[in-house]
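Each of the two complexes below includes chain A, the first together with chain B, the second together with chain C.
Moving on, here comes the complex of A and B:
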């Protein structure tokens, strides 16, 4: 894959053209759309090949869901460099909104995606407004606390959340209810969500907001001097990221047909998972989170299936160890390492 | 009205008991090239930060194109046309040189390719066109300084503030940056520079103001200012004066 976004002009060509040096190519949103379409096609073939294997379909559904969620987290966490550990809250908001509307008023989950997104965005902006004053690890810790507070609130307000008992959603199969007897439709929905997340992330990254988020990430003072309203850029990135995360929560709720605090507000399995996947795949890159999910989710379900019974918690140990290794030796994740190798290869040839 | 692009009126900034900038006033006309000199700790960078909005003033006002901008935040001042560089270059190292300049160019352009074209244009102006495609983290110090200038120019700024852009550069690099500043000034850009190197100030042959302990102690041509006993005393101590 050609990931070198901008290629240096050979020295001999510098100065070509009337207006000055020929401009290096800049990756556009249209280019990314082509790549995303290719990715979509590839996954469509995968789904077709494994259409009657429920185990593989289940794993694919989770992989696509978490790839999408990590891609969404990456908008503010990667591009914008704001290491949120509180995205589980926006996920839970999406899940509870959809679950409630479906449970009490039989609203189609397709429709309740919208209020779920809006609510997740509003809460995200409201809690980020004060916490964005904190930098780096302090911001991360504040957002971690947010997840814990949400856990307590979700357990306490049982009229909305079903409390610790959770909410079991009635099985009424049908497209309108987003409830299916086979796993294939769920896997298709998750691929759709993944493609939407990628398109949104690409649109952000390849436009003004993406450049501004990266500038804010790298140097806030330089960003301000370039006319960037730092807080507004962070809040916009957060709102978009949280809205997508809310969709993910809603889809997760309908897939499991069960919502309770230990499931949706689980720090290891939800809140931290988004950034763990992004870190391993390549934080701040468009396709890094997807790569990370393709590695982590199947690995995790394999570990759980083979060793989970004999050594409880081994999957967390191995994931933790993996994260340490990546932090030490592959700071830019798999994607960053591939990109570096490609640049060296190109550099060696020219 | 006055016809000044930028006016600083009785500007004061205190940090606790320290008065970093003390009742400083001066004006800039369109196309001026003003050098600010002074010993270390004289308040030059604080002065810049007050003009560009990094700090609010303790007293006094900053007037830009006839409007009081003292209460505006830095990004709002940049939008109005105040571009600046930092003493310690703030290069966005993991982006390419072109992308760094594009961050500035997006201020007045929403379209990706327009921003990229304009960014390329300003990189050519500062002599970095051939370096557009490489990661900005691999640029040399003098190239980073040029890049900061390019990012400010990409804002379409009408006043450019340069904070010690020559510091740490070798003689040849200094001369080329002097040429660049002169060229930009010749094209009508109003420029304010903080400079330590008195040779540079002489080379500009334009107005100089001198700060010492936060106060403005001299204002005039380089020859006049650099022979002023107060200035000599500030730089070299009393016995030389």
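Moving on, here comes the complex of A and C:
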């Protein structure tokens, strides 16, 4: 095994190969549940402390939402190594499903999360079936094109999507309508979504499917030779990832109460952001995407708030630069770097 | 009949644009084996380069190619040397890095121009050639002529010169090429430079046709991907004919179906080609199936 292989490995397995001295550190699902509960508690305290600051609450809502979305992307993109640039499509499906059901039939958004999830999964499986035979950059190109096609279709079929004008959802405050006058309930909902995605990701990662996905990521031919049904594993991972992304889209739609193609199908602001956050935090690690979102989203809203008026695009300009720098110098992200430092520290002590 | 002929002409002229934009992308893919997501942004930089030369030096866009093309060549060499060469065996990180460059370039231009749309005028672009009912703008005809010259030139260069043969040797087997005394890194740098220069040339020639905006690269990159997948990644003639096929599809779909749906039609063609003939019509068989083979 050479050096590049270790770097390309999902972090869950990397401990086994790196250095040789470190023990393979594999936690159980129960351990991860405990950690996730601790994270939930910590965020609950944060929300309580800032309960009356709408600016901070807004930032936290976005941070948790994107942390959850990036965690969802990470299931297929990080664990499974399928670098989808098209997750914005599943996000948009969730957003439009909920928006339509609420707008036309006054269905409670809580209920319409379910059809949104199912629809996102079905579309994900249908479009991934042919595109999963493509590897690496080719898969990325195909999913990028998919996002573009979704944009075109969403603009064209204006009876479903409101076309380029978008859909403005009526303001009828109430728990059933998932519309609130304060930002606090939204932030709580986003934390809930984050915890759900983390639990699902942990369950996948520490279960059979997670190991299959990681095997496919490392070497698809070897995985197939070992008896793994590669296509089925990828499709299952994609379906789970897309379903969670669909929930995220629905919550986003209810938070903004506005859906239009340039917002939900923006490749740079939505589709690519999931993998950008994951890369900066640590692709393929369980908590990397959360860490990435905690850094990126506040940084971005700060830049947008302070410089966005005078220098348009400054937030994305810096994100693009970070993306290049992380690809060059921190391939395992912040989480991977911290993990490496911790292992070196432990190695030096023992 | 006149309508039909008109659509064919429109399609061919559009195909010339797409073919020209795809040439550089395809060259970079074929030799360096990197899918450059930032290629559309290099075209965009070429367009703004033409504007800048006109604004600062008063150069006609067609003359400004003499300045812009070398600049993009240098930019391409720098990108290859400092960003992509360290990532040679990291296909996933290459996606991140080139996508990062895409976002970086696009928003740098947005930040500098503050989103104002510019247009570049040339005396030549005002000339319209009429044959019967068909009107053709000279600037589009120049693009068409250029793509033919570039395709023939690239083909001649790759097959008939010593340097071109060296590049093809690197494409076929990096390690053996290195053993034969070819400087692989230099070949990659020069190839990426030429690929970027071709994008710059495309940008300069397209500047009089389009209104300049920082996001315009996005229009070209998807078309270019469709072209290279259709024509076959890494094949000069693939990009050439692929461009015309996509251009004709777009023209016909735009006329008979709906102009808004042309991208959706591309995607269907794209998927159909991938399923029926994954290597493209002229391409390296199986490149997209086996992924980019790691070579060192």
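Following the convention adopted for this analysis, the second predicted complex is superposed on the first by the 324 of 350 C-alpha atoms of A that agree within 3 Å, B and C clash if a C-alpha of one lies under 4 Å from a C-alpha of the other, contacts with A are read in each partner's own complex, and residues count from 1 in each chain.
Methods note: a residue touches a chain if its C-beta (ideal position, glycine included) is under 8 Å from a C-beta of that chain, and two chains touch if they have at least 3 such contacts.
These numbers come from a predicted model, not from an experiment.
After overlaying the two complexes on the shared chain, residue contacts for A:29 are found with chain B alone; chain C is out of touch.
For chain A, the partner touching the most residues, choosing from chain B and chain C, is C.
In the superposed model, A:228 lies in contact with chain B only, and not with chain C.
In the superposition on chain A, A:208 makes contact with chain B only, not with chain C. Of the two partner chains, chain C is the only one touched by A:323; chain B is not.
Note: residues 7-8 of chain A belong to the chain B contact set and to the chain C contact set alike, using the contact criterion stated above.
For chain B in complex with chain A, the residues that touch the partner chain are 52, 54, 73-76, 78-79, 83-84, 86, 90-96, 98-99, 102-104, 106-107, 110, 112-113, 115-117, 120-121, 123-124, 129-130, 132-134, 151-152, 155.
Partner chain B is touched in their complex by these residues of chain A: 5-9, 11, 14-15, 19-21, 23-24, 26, 28-29, 206-208, 211-212, 214-215, 218-219, 221-230.
Taken together, the chain A residues at the contact with chain C in this complex read 4, 7-8, 81, 83, 85, 130-131, 133-138, 140-142, 144-146, 148-149, 151-153, 155-156, 267-268, 272, 275, 279, 283, 311-314, 316-317, 319-324, 326-328, 331. Taken together, the chain C residues at the contact with chain A in this complex read 34-35, 37, 83, 86-87, 89-97, 99-108, 110-111, 114-115, 214, 218, 222, 225-226, 229, 258, 260-264, 266-267, 270-271, 274-275, 278, 288-292, 294.
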